[in-house]
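Can you read through this structure? Questions will come right after.
Each chain gets a letter, A, B, C and D, in the order it is written, and its residues are counted from 1.
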Amino acid sequence: MKRLPLGPLYYEFSRHCEPRLRIDSGETVVIETEDAFSGQIRSDSDRRDKQKCPEGNPQTGPIWVEDAQPGDSLAVRIESIEPSLGQCATRTSDPKQLAQWLGNECPHGTHVCPIRDGQIEWSDRIRIPYRPMLGCVGTAPRAGVPTTGPAGAHGGNMDLIETCPGNTVFLPVFVEGAYLYLGDAHAAMGHGELSASGLEMPSHTTIQVELRRETIPGPRIESPEEIMAVATGRPMERAIAEAYAELILWMEQGFGWDRWRAYDLLTHVGRVSVGYFDIGTVAAKVGRCFLRSP
Amino acid sequence: MKRLPLGPLYYEFSRHCEPRLRIDSGETVVIETEDAFSGQIRSDSDRRDKQKCPEGNPQTGPIWVEDAQPGDSLAVRIESIEPSLGQCATRTSDPKQLAQWLGNECPHGTHVCPIRDGQIEWSDRIRIPYRPMLGCVGTAPRAGVPTTGPAGAHGGNMDLIETCPGNTVFLPVFVEGAYLYLGDAHAAMGHGELSASGLEMPSHTTIQVELRRETIPGPRIESPEEIMAVATGRPMERAIAEAYAELILWMEQGFGWDRWRAYDLLTHVGRVSVGYFDIGTVAAKVGRCFLRSP
Amino acid sequence: MKRLPLGPLYYEFSRHCEPRLRIDSGETVVIETEDAFSGQIRSDSDRRDKQKCPEGNPQTGPIWVEDAQPGDSLAVRIESIEPSLGQCATRTSDPKQLAQWLGNECPHGTHVCPIRDGQIEWSDRIRIPYRPMLGCVGTAPRAGVPTTGPAGAHGGNMDLIETCPGNTVFLPVFVEGAYLYLGDAHAAMGHGELSASGLEMPSHTTIQVELRRETIPGPRIESPEEIMAVATGRPMERAIAEAYAELILWMEQGFGWDRWRAYDLLTHVGRVSVGYFDIGTVAAKVGRCFLRSP
Amino acid sequence: MKRLPLGPLYYEFSRHCEPRLRIDSGETVVIETEDAFSGQIRSDSDRRDKQKCPEGNPQTGPIWVEDAQPGDSLAVRIESIEPSLGQCATRTSDPKQLAQWLGNECPHGTHVCPIRDGQIEWSDRIRIPYRPMLGCVGTAPRAGVPTTGPAGAHGGNMDLIETCPGNTVFLPVFVEGAYLYLGDAHAAMGHGELSASGLEMPSHTTIQVELRRETIPGPRIESPEEIMAVATGRPMERAIAEAYAELILWMEQGFGWDRWRAYDLLTHVGRVSVGYFDIGTVAAKVGRCFLRSP
């Protein structure tokens, strides 16, 4: 099993960086990731220094996948996400999107929570179940070098709960070698990641990567129970339409469904999961039990 | 137990109509509702006649609640939603919001499905679990007479999965008597109600209504496991922010939380349910297990 | 010439109210309108009392137009808009949509400005040219009774600069008699009506109304130099698309253009005027000099 | 006067490319730009080859400005924009955003128009006045390498009519040397650039560049009559709010206005210009005649 230790922190999904690891299809890798605050918050008294690190969500990578060509895709199976330090941290700041209802008097502060026995000790009385996920996973896009803030066809900062152990994320390959990055692990996260800051933690994340000769238009996720198509963009109602449309096309091409029958089915059984709400990332989902062609 | 049979079909939430039933706080009522197609589709060969019924979602009501005054609220507990005819129907038409990805060649058609043994027989091979809900429930707003298309502070066409048996919907009272309406029952519905047409059915719906001397800003829902605040509007990312903000204020006023602690908690454990996506109705939710003040 | 004095102030576009005036096609009427604050602000020390008048934009009307049938349209030519009191007023309050950039410390206040010699005396040093317009003009919609807040196919609170003397507003007729209302005159207004409060004034507005046997899908405006189609809705980028689409269909049906040639032309010469930005009202315009078919 | 001939076509605003020209503050440069179709359409029978050039809007640059440091800004005065070939071209394709109103039957085609005597010969009968502007002008951003599709704090594909001869565009400097790019000249353009394809032309564009020790948050434009702040993003109603907010802060910092007085003034006299509508670029404007402090 290969290991990729923490190295330079990248705040972009760039095809211009030197690959730090080369793997073959099928290999498993343990990857060290830094937290979304670039490691600046390890105790309650620490503050994030935006001067030093104006961007968030540093990534580990890029990983070169041998033989990966534009038009291929990667299946990134998430085996596990472990907290490197046994703790996670969150911070509150201006409630930008909520200020018109709640005002602006949110005290700026950081809050470190131990992780023990499958529980996050958020306060003396409240425990949150440990449900880790990756905020970011992505490949280098064909053009442009997006920061680790937005999400797109290359993946990126999707902030979906479903990017979790046991599930597989599928990503398009746009450039030779794929240039896979990941980071921004959370110990738990709500739909929408309301404050844009989850229970951030440095992690040891184990993934298995397979190269597939299949072209996909954007990220997809598979769980044991569901398949999901991901879309990003504002307004979110449009992103939901796009995600459902991609799910329908997937049912057509991959499962033999008639397009309009799939459209009708999803009206009744589709589900939506909301990522970081301010950039409009969503996953449209359907249960595998419904997938056999009618 | 009182009964309210089908009467004139109303396509507006109006305070100008004559109440058809008067109840006291605490009473239980069985209400007959027509389906969203105004009963025009009972077999696969029926078509919806928009000339005759240009609007959808006819309502049964209004119900006058004795003593209800502006500033009060109603707790509408949904006891059961039964299919009147043992079947439901859906129809496909232009996939307005999806056309840019899927094209416009969707065959227009109707599709009637028997409901038997807790299952909706959607096709020979596919069964959908019977999970009934009400698309519409609402009171007369203070000003304006909205149609049964949109949703708002008065409730209306929220199309949320959580408006289902076992849950309680809380609605503001804006005018004396409240003028409660409901209709648009579905045998099952996906997040977003993709085609704007669910598995529509006429129903016998049983509710219990309690009058409360509490002012609420908009609809709320309680289930045995969660509490939820509802907001509507486009873009949906803004509606999500508003729904979370209302949920935070509810935690503050109703459960003794500090506003900003609640904000931080929901970042990690909040959930979002998506109603009809094109009007941007959403519910922001939190588990009751997290509700005791920290 | 008929006159319609101030009467009850209506805050809805309702077909349920008793017509206050009946006119024939071609008649000219002088209409007294109250200002958007319901006359509560006549001096700098006055405050708007939301308890007494929770809604804004009171309307004068309804006017019954003889022979007007659903499917017809009205051409409302605005002859003049005169200030009843020689002054106008504005007020500042929470800068809702701008708070995230500017903060919330906007002092709440009112500000009355004399109108003299074609100038609004906004301050000792700054004069604003008197360019009056109507914030609201509309007919009763077919279903629902919208308040005077939003805009729609029936017209309503469009807040377009082009609703001004010399121009003609075309409105659909949805119910027998049309039920024409107008109000919310401004002495001048910027694109977007940033604070949602213009230089509001009571007015004597003179209009000439003609009934036309032409069905139109929503409001249109004609000036001596341009024709314009109006659309409302969020997100505004979608409203712009809709307004341009309606303008193209008008060029096709009214001026003999090929649809796609019109589309190409407007790409190069179309103009957009922005109404109240938070509800997404826009007008798409084209110069009459370009209108002859190619 | 320096000249920068056509060289490699760049489809990104990148700080990783080798500067092609170095200038001092105050210098004037004549720059050759290719058209948005990468020169593929020179006659009516040419077609755009997306295989060869998947992106649009190639840029000429980067230009290194001596002494430019992060935190500075550039004043790019546009002296003239001349058509290199005496003609421009447009093309029609799927009317993506308008399809729901107009259908999808738009014939795909190209259309080349001679430019003579200050007129664009769009058809035998219709002439469009020659009003050239630059679709794109921008600097390298601090992080990320955006394509020439979107716009942002670095400028980019703003598609504003006001980026025209006689006006000055102000751009932030994010990296040493600034890395200035420009391209995508149009012979004329409507608000919104409806089809996303203007009257595209290769050009000889003359600019004068001055370095300023002033930090600005995003693009600004000055004309002899107005000053303008530019913002981009969807939904457009939010971009309008942001642009107005930036204009208010500019009035505060640069012209001695009280913030809330400026807010009130712009409500009555502000104007909005719409760039490419689908990405939500807008300029908020105020006349210089109103700028002296009240």
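In this section, a residue touches a chain if its C-beta (ideal position, glycine included) is under 8 Å from a C-beta of that chain, and two chains touch if they have at least 3 such contacts.
This structure is a prediction, so every number in the text was calculated from the model and none was measured.
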item	value
Chain whose average C-alpha position is farthest from chain A's own	C
Copies chain B and chain D touch via same or different residues, half shared test	same
A-D compared against C-D, more contacting pairs	C-D
Inter-centroid spacing, chain D versus chain C (mean Cα positions, whole Å)	32
Centre distance in Å when chain B and chain D are each reduced to the mean of their C-alpha atoms	47
Contacts with two or more other chains, residues of chain B listed in rising order	234-235
Of all residues in chain C, those that touch chain B in their complex	11-12, 14, 16, 54-55, 142-147, 233-235
Contact footprint of chain A on chain B as seen in their complex	90, 92, 95, 97-98, 101-102, 105-107, 111, 120, 122-126, 128, 188-195, 197-199, 234-238, 240-242, 244-246, 248-249, 259-260, 263-272, 274, 277-278, 280, 284, 290, 292, 294
Chain C partner contacts - residues on chain A that touch it in the complex	96, 99-100, 103-104, 234-235
